[in-house]
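Report on the following structure.
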Amino acid sequence: MEYNKWIADLQAGDEIEGFYLLKSAQIKTTNTGKPFLAGAVGDSSGAVDIKIWDYSGPLGTQDEGTVVKLRGSVSEYRGALQLIISRIRPAQEGDSYSLGDLVPVAPIDASEGWQEFLELVESLQDPDYKAVCETLLEQYGQRFRMLPGGKSMHHSFLNGLLMHTLYMARAAVFLADLYSEVVNRDLLLAGTILHDVAKCREFLTSPLGLVTEYSVPGELLGHLVMGAQAVADAARERGVPEEKSMLLQHMLLSHHGQPEFGAAVPPKCAEAELLSLIDLVDSRMEIYKENMEQLEAGQFSKRVFALDKKIFRHQ
Amino acid sequence: MEYNKWIADLQAGDEIEGFYLLKSAQIKTTNTGKPFLAGAVGDSSGAVDIKIWDYSGPLGTQDEGTVVKLRGSVSEYRGALQLIISRIRPAQEGDSYSLGDLVPVAPIDASEGWQEFLELVESLQDPDYKAVCETLLEQYGQRFRMLPGGKSMHHSFLNGLLMHTLYMARAAVFLADLYSEVVNRDLLLAGTILHDVAKCREFLTSPLGLVTEYSVPGELLGHLVMGAQAVADAARERGVPEEKSMLLQHMLLSHHGQPEFGAAVPPKCAEAELLSLIDLVDSRMEIYKENMEQLEAGQFSKRVFALDKKIFRHQ
Amino acid sequence: MEYNKWIADLQAGDEIEGFYLLKSAQIKTTNTGKPFLAGAVGDSSGAVDIKIWDYSGPLGTQDEGTVVKLRGSVSEYRGALQLIISRIRPAQEGDSYSLGDLVPVAPIDASEGWQEFLELVESLQDPDYKAVCETLLEQYGQRFRMLPGGKSMHHSFLNGLLMHTLYMARAAVFLADLYSEVVNRDLLLAGTILHDVAKCREFLTSPLGLVTEYSVPGELLGHLVMGAQAVADAARERGVPEEKSMLLQHMLLSHHGQPEFGAAVPPKCAEAELLSLIDLVDSRMEIYKENMEQLEAGQFSKRVFALDKKIFRHQ
Amino acid sequence: MEYNKWIADLQAGDEIEGFYLLKSAQIKTTNTGKPFLAGAVGDSSGAVDIKIWDYSGPLGTQDEGTVVKLRGSVSEYRGALQLIISRIRPAQEGDSYSLGDLVPVAPIDASEGWQEFLELVESLQDPDYKAVCETLLEQYGQRFRMLPGGKSMHHSFLNGLLMHTLYMARAAVFLADLYSEVVNRDLLLAGTILHDVAKCREFLTSPLGLVTEYSVPGELLGHLVMGAQAVADAARERGVPEEKSMLLQHMLLSHHGQPEFGAAVPPKCAEAELLSLIDLVDSRMEIYKENMEQLEAGQFSKRVFALDKKIFRHQ
Amino acid sequence: MEYNKWIADLQAGDEIEGFYLLKSAQIKTTNTGKPFLAGAVGDSSGAVDIKIWDYSGPLGTQDEGTVVKLRGSVSEYRGALQLIISRIRPAQEGDSYSLGDLVPVAPIDASEGWQEFLELVESLQDPDYKAVCETLLEQYGQRFRMLPGGKSMHHSFLNGLLMHTLYMARAAVFLADLYSEVVNRDLLLAGTILHDVAKCREFLTSPLGLVTEYSVPGELLGHLVMGAQAVADAARERGVPEEKSMLLQHMLLSHHGQPEFGAAVPPKCAEAELLSLIDLVDSRMEIYKENMEQLEAGQFSKRVFALDKKIFRHQ
Amino acid sequence: MEYNKWIADLQAGDEIEGFYLLKSAQIKTTNTGKPFLAGAVGDSSGAVDIKIWDYSGPLGTQDEGTVVKLRGSVSEYRGALQLIISRIRPAQEGDSYSLGDLVPVAPIDASEGWQEFLELVESLQDPDYKAVCETLLEQYGQRFRMLPGGKSMHHSFLNGLLMHTLYMARAAVFLADLYSEVVNRDLLLAGTILHDVAKCREFLTSPLGLVTEYSVPGELLGHLVMGAQAVADAARERGVPEEKSMLLQHMLLSHHGQPEFGAAVPPKCAEAELLSLIDLVDSRMEIYKENMEQLEAGQFSKRVFALDKKIFRHQ
């Protein structure tokens, strides 16, 4: 009996026990009319199909996305492994397991990252932009820190939005200095910090924090417009001058670069233009990274959906 | 000496006096170094170039878009008429002239139109949508009633926005009834009433009320986003439930139909889809009307910029 | 034994008898070499897979799309229901069943709709446009009345083309009045009445009247060009002046609005422009309706193919 | 006094007399109120501005596009030549001049070309396709032989449509042989012969035969649809089987290759696909030729409008 | 026992022996833990699934794409045929079978085609263009002669590139003569001969010569750029003047016609323009041919991926 | 008499003498037949029209783009200034003037910039990438250092290409560090250094070094392909391994990001993707800078051609 063995390491014949994420679960009926549960469990290393024979509950579809403790044996079925479960129960308070083992988590030290992020906010010289950032982080901070960057395209792991925003902020600080003649550092940095903050309202998340779906306001308004409204409200509350509020709203509304990519308005000042490019840089570099991890040197990928092309991992 | 003769009726040799709109005015210098004013005056029938010899002020560029009283004689220069002005002064309080003779005005009875418009608001059964409409009309009503629908594409005359919205509202009421199985009449009608209300902030206007330019918030935020924010604020103030506020915001944000035509989000409910189509119907019919007035039966127009094609006036 | 039980109401264990539509039928061979028939039957409420063991005919692929009388029992196989048939025969003259129970039919009273449609034709004041409409309805009327509006996108049920055309005609009458300064009511209405009439030649239909495929002339010429030719021929036969014939042909040739959506020429007069927009309005409202019927309030659909987006059903 | 001197050879100081094409003519008034005529005359070598002082008619705008006999002297005005005319009259019956000297004419022997064209029609083995070609050439032949291929893009000279069709037919015959496994020679050749025949109705022409404008049916129906209708009518008259008529109509309807380039339907058989490509080949080669004649070896052109790029003339 | 029976002719119950292409092969395990091989074999007429029970080698995935000798019996499984193999071994030296029976081969006499191709090279009058062609054929000739034209779109059979190039060269010679005023025959012909020569480096091929994948340089540089570099190197080696080298490189770089279709630069001389069109003509005619072979007269195809439309086979 | 007065400071009545750039010059004839020269002179502050009366040479069109010494007086003509020149001669050896006063020069210290650039090359750790950079800088270095970045879009001043490349290299070094998990610093930096090096062959320049036109190889091959060939040749000469040569070529070939923006192949490795984005960042920031210098705070620009939108200069 092996304890919390990685899914990726399972082999036919293994007897295992431990905590796993219940990814899907459906009560079905055999040809002979007996109930059973079919579904899948996973950890951050992968996933495996499960069966629980003669089982009609209490676990079922309503528990997808939660942690379970299980015992079972691994066999092979039609060329793939499956896990036949003999005991299963929901995780309870007091159980001891590591969330980071069960769901994908950003490859950064989240505490340090969050600290650096707060220092970047602190570094804003302009009291108005700083005030808006502070107000919005008070509202959204805790969710913002944990949220993935998206559902599947890139950064779709816990702390993903923090990681994405942090890398962009580092680039923003550097490029604001390189192009200081046209770029106001504080406007660029504040825009970068807040550009995706309304994803906190745009996404629905599973119990463990992964993005499962878009919310109704996410679909009807979008995170660009919701972000701009949040900026407008915060600016009003903090007494920020109208032009600064408008510029910061413009940063958020235009950060997808072009209307056909979702921008509510095209970027019309240098900081907005640069923010949209930094967003492209960071998301593309992460897409390359996530896809290149699957490749060996000298090999091309299959067509990467988010880039609409194959990519190459050189030596 | 003819008084307030229509510009369109001027002929070489005419001596005229009256009130006209000073459309452009620039102080220049002749080859021999003498100052003169070159520019144009107009009324709702057309425009004509002017010259004032030996003139260095007080009228000049700063007075473009205002009404002047003038006296002058009409001659021909290089195949076109021009008006040589002998006396000119700004219109003053107490002068008696009709604004409608000087600038283009919508071909509707504006009072009746406004009355009908208020009755349409009144006809809303849903107290929430009605409350938002009332609040925004309190804020923007007077400007909304006078504003042109745009700078040059269509409805670019006084009361143009009222006329455009009124025609759309009539169509909305009819189509809400025809498609009552999928369309909530009050959501569609409220969305129609408010869809362009933020043009009141998007446009800058001349002293006589014509659109001269986009405002800074108009360029940076656009009337779709500003309208949605105004709805959000009014809804909050009036205690409107969140979902209704969101739906009404969605109507405004999506009314350009597609991102490449300026929609911040694509329409995702039947009312939003229909609003975007009614907007197309009314603007295209008006473009046809304004262009067909220039044509004789059996004739094709030149390429119409707003439609990117030639149009035909049949018998 | 239940008689003509709705497919949607079947449960494992049911014994049924009645008339159903044979949707597909294929003679196959078991591993042990015995012939059997596998396929599906349906009614307007849904469809279910069938098996007839030890069966090699006479029914088979050639009977798809016809009505059969059958007796059988319902069981469950791999999580879905299937109907094991013990007796089956083609429907015969004298059998009594309702077509409307077996295939989807437009949710309108077809007789009243047809009556209203004929009155709309009758309402045409212009004798030339009226003559062309009458001639084409003589040729195509019976097929036109029954034909679906299409294969699967929208209105794909019996009387669908009539319903689509009728709703458009109602909108046309209203909008011709609203925009009477630019729109000739009779040209718009005649164009609306005839715009899809050549779908009668474009579609192939099953024995029960549903669209199965495009015809060869449908693929090579399309219903726009075929419709225009039919108008040209009818106009010549009825002595209609050339310009009117041409205008009516132009209405049909341009009613898809833009070349990339299939228009042979872009609309160049106000009536043609408006017809293309009314077509958009009615088809989109029907797509919303058909898709929203599958949704609960507060829910988003999956991506709707015909709209290329998800849609929302609000409260 | 030089007689019929080429416009391209004129120099300041020349005294000339002869027949020229009156390209434009407008009666104007000098500053001192005297009437004069300003316009331009041309021959196939070029054009020059004209002035006729103290002239109020009878020649004027209504005579544009006709031939005049004139006498005048050449001078320079603002860096360009102009011709001051002392005598002018319309050309009369009995005057002797060569049309080919006055308007651009295709660089082919038109009689031989026409003969070859008729032989190509004669070479059709399929009696049905041949019958349709014969019928349409009876209707349109004389105009077809003289008509330019277009207004300005390419082949915009007399006999231009014949030349374009003839070159395409030569290519069609060759390629039908090369791809005889997929291409029916007679269908391809008949489609090629007829593809632009309805330009005879699409274009309006000046008295000398150049294209001045599109006709009303040209704008509302287009030469593709008009050509297909002419084929349909001819086929019916000559008893051609329906499928052949349909295929030939399809050739004409699809010969612009793609809807966005004006095709009413996309090509769906090999002959239609090939016809659209042969049309591209011949029109592009002629555009290169007409533009390269303006260039010296080793030189790039300005941006060529019809190709949207610069082209190169190599050694 | 039938020998080398065509796959397309197999029927349940056949006992066969012969040489076939091993298209895929994978060692798997039954539910009871026994090894077996599942895969497919094919010849130029088609392919069939195979099973080898109780088999763990030596044949396996590493032998895909090679020829095997096998004996087996045909049965039906889930409605499709499968071949249960009792004996199998790799083809050996000395075995006698025809490659053309096992893999698709161009429907031309490859020796005659190659001879004609060499004569076309020989026909070049310009010693410089000829020298470059000769040099590149020395380098790539043998591979060029055998290589398919592509992986799956068209000409994806042995000698396919030769066939494609040969047909294009025939068209080039004819069209160079037809448009001799703008086209240099030798530049066009040399460009045609060499346009795809670098596909020899762009493609990876299976042991039997079919294209399996793009090479790394094929993906990173593409055959247009690699071809141009090969021309540049050959021209330098053979002392060809710079302008001629450049023109020939331009032919190769631009032969996809437009940047969005892969051209590195757009065609800017008449020969380059014509080459890109000839390439379109030949590839489209071949796509029609390959797809029409699957159709009966009067029938439409399914959507053809390479053309994005359905095509028609007429009588 | 003022010496070398800035063109931007001229006023009617000024008498000036000094060195200026002859921007255009054309010998013309007055109405009375006398020769004169019309053209323009400029310095880095602007340009002014010139006239030289009674002048037929020796200066003329052939001297455009060279420096002249002139004396003249400033007057006003039709509302604009013009300079009537009384004496003019070409600049000679020994004349003393500053080139930087006459043509626009990059706002960097070119010596320091060049030094920094060389140090960046020196910083390459990879001996192969370094070798290729060194070889190409030996070939192109002197021209590269002086060349503008383009003709008019951005960086169209002396040392513009150096400035553009230098800023990009700074960003490349920073971002290679930020994304070190996916980016090879030396490949990115070498690609950045060389990405536009072939503009040295693509542009033709005036005597003073400004870009006047594209060269023939520039038009037929483009700087992407020429750069890749130069890399291939240098790599072969320096014994660089094939894969590294190929990767570096790929960087150059793909640096326009997408085929429709001129990329010969799309970027397929992380370094190529990043290079194309850094190029976008630097060119857009410079476009903003050059356009914002024309604006006052709070003002929008006219539509900027290179961005296809208006831009805003905020406080």
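Some observations on this one:
Letters A, B, C, D, E and F mark the chains as written, and numbering starts fresh at 1 in each.
Criterion: a contact is a pair of C-beta atoms (placed from the backbone, for glycine too) under 8 Å apart; a residue touches a chain by one contact, two chains touch by 3 or more.
Note that the coordinates shown come from a computational prediction; the quantities given were computed from them, not determined experimentally.
Listed by label, the chains that touch chain B and also chain E are A, C, D, F.
Note on D-E: its contact pairs, compared by residue number with those of A-F, A-B or A-E, agree for more than half at A-F. With centres set at the average Cα position, the gap from chain A to chain C is 45 Å. Chain centres here are Cα means. That of chain C falls 63 Å from that of chain F.
Annotation for chain E: residues 216, 219-220, 243, 247, 268, 300, 310, 312 touch two or more other chains. Pairs of chains that satisfy the touch definition comprise A-B, A-C, A-E, A-F, B-C, B-D, B-F, C-D, C-E, D-E, D-F, E-F.
If you check the complex, the residues on chain D that touch chain B are 28-29, 31, 214, 216, 219-220. By the touch criterion stated above, chain A contacts chain B in their complex at residues 216-217, 219-222, 224-225, 228-229, 232, 243, 246-247, 249-250, 253, 259-260, 262, 264-265, 268. Residue ranges of chain A in contact with chain F, taken from their complex: 167, 170-171, 174-175, 178-179, 181-184, 187, 243, 247, 266, 268-270, 273-274, 277, 280-281, 284-285, 288-289, 292, 300, 309-315.
Across the interface of their complex, chain A is touched by residues 76-77, 79, 298, 300, 310, 312 of chain C.
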